[in-house]
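Pasting a structure here, questions to come.
Naming follows writing order (A, B, C and D), and every chain is counted from residue 1.
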């Protein structure tokens, strides 16, 4: 049911249509089967009330990488739940999220996402779990 | 060190300065000590690539309610980690997040946030944990 | 596929066969559809190296209540992941875990579990997510 | 306040006094600063009602490794919260948990724990967060 060879370029094009990620300034850097990278240049609009990158901006960055990684096998995967740990405040600069699918059974995909700053320091740690459906990805309607 | 009577209006004014929440369209509805409510009218810009409210938009809504609730006693509280479960997809309409501080020790605040749609159905469940500092909130620099 | 009327007594008998819960001293108090209660009398064998109830003992208490609640509709539910927050140390006495299924879709059950001490204080907060299969529960092999 | 050189042997002796871990059959394999390994031989008493290692047994194994890793710098660290994902059922054999402290600030330690079976397959993924106190570890009362 999943493509033997997922169309990674079509998957990237699909995720480029994510309105909230795009308007939040999240950029897609890379997609391989089971791995994805996204980036965010932290601007004033991404800050919270005390001048550091807002949790929601970091979540959106990590969540897009997670969504891409768990859908990268050519089968629809829907997020069930996520965790996010804030390890180091980020006042500015660029962030990169690296999502790795650490486990995949017939129905469940589990990914960990590391969020790194420009000095390659770990600023946040995310985990996402998705439910895998018997439907091709990207959807045929694309 | 915490105000015996936190200045809830000053705390609300402080959180109105959250750039990412404000530009994402999150609205502050209510603040009491240990309780906060925020709202989001889901527009096209909040959708993901398959036409439902993006996880990051829901996170940002819930996270602002959490931040307000754990800071509502007049002492700085910094987010340590969060969990978010997606229970029901939301294609549009308005969402409300209700944060309740379920536990507060000298150093740790734990809040649960329920995200409800217009029919009062639970669409997401969030939990946030924060570290409490010996500093007044809002900061005196405000 | 699920029983219209799950056999709650058969489900309780099934969970009474949980070796680790039973040898850990966990007791089944109550089961309704979507709700379960378990209990633990904290003895020396449940303590950690600093004399309070060990995290694993509290987890086992909460996890059994979660397993019962998410299987209480007569369909097999398999744990995907869990979270556990430790809110108050417990040096002794009795603990009760109350699991409530807060959301159930065709494939995913989400339960929250409150762990209370004898004074009805919240000592731990647990959340569990399970994958629902098209198989009757308890298994016909019972 | 923390020992410049934590006494790893004293820390291991301290954790050997964890009643629940010891009576559950958890064995301490290794401790370095920021890293710990524990083991469990899965016996009938560790199984749940459907014949696989119970979640509480896996939690206890991972939690002890976490507790050792976050206390391995010679300062008391108290668990705040944990997550546990079940990736693969384990009907028997031996399990090893490897805890790594992935982040440590002045007050917060975050550890990830990988639980592996005899074939080095990842069967569970745990994350633990602890609050660091200004007290030496092991406690002077030891």
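Everything that follows uses one rule, which is that a contact is a pair of C-beta atoms (placed from the backbone, for glycine too) under 8 Å apart; a residue touches a chain by one contact, two chains touch by 3 or more.
Just so we're clear, the structure is a prediction, and the values are computed from it rather than from any experiment.
Asker: From the centre of subunit D, which chain's CA centre is farthest?
Answerer: It is B.
Asker: How big is the gap, in whole Å, between where the Cα atoms of subunit A centre and where those of subunit B centre?
Answerer: Measuring from centre to centre gives 22 Å for this pair.
Asker: In whole angstrom, how far does the Cα centroid of subunit A sit from the Cα centroid of subunit C?
Answerer: 32
Asker: Can you compute the centre-to-centre distance for subunit A and subunit D, using the mean CA position of each chain? Integer Å is fine.
Answerer: Computed value for the inter-centroid distance: 29 Å.
Asker: Going through subunit D residue by residue, note those that touch at least 2 other chains and give them in order.
Answerer: Each of 80-81, 83, 85, 110, 129 in subunit D touches at least two other chains.
Asker: Can the chain contact pattern be summarised as a line, a ring, a star, a complete graph, or none of these (other)?
Answerer: complete
Asker: Please give the residue numbers of subunit B that touch subunit C in the complex, ascending.
Answerer: By the definition above, subunit B touches subunit C via 83, 85, 87-88, 102-103, 105, 110, 112, 122, 125, 127, 129.
Asker: Touching residues of subunit A toward subunit C in the complex: what are they?
Answerer: Listed in rising order, the residues of subunit A that touch subunit C are 80-81, 83, 107-108, 110, 129, 131.
Asker: Okay, in this complex, where on subunit C does subunit D touch?
Answerer: 14-21, 23-24, 44-50, 54-57, 59-60, 63-64, 67, 78-86, 139
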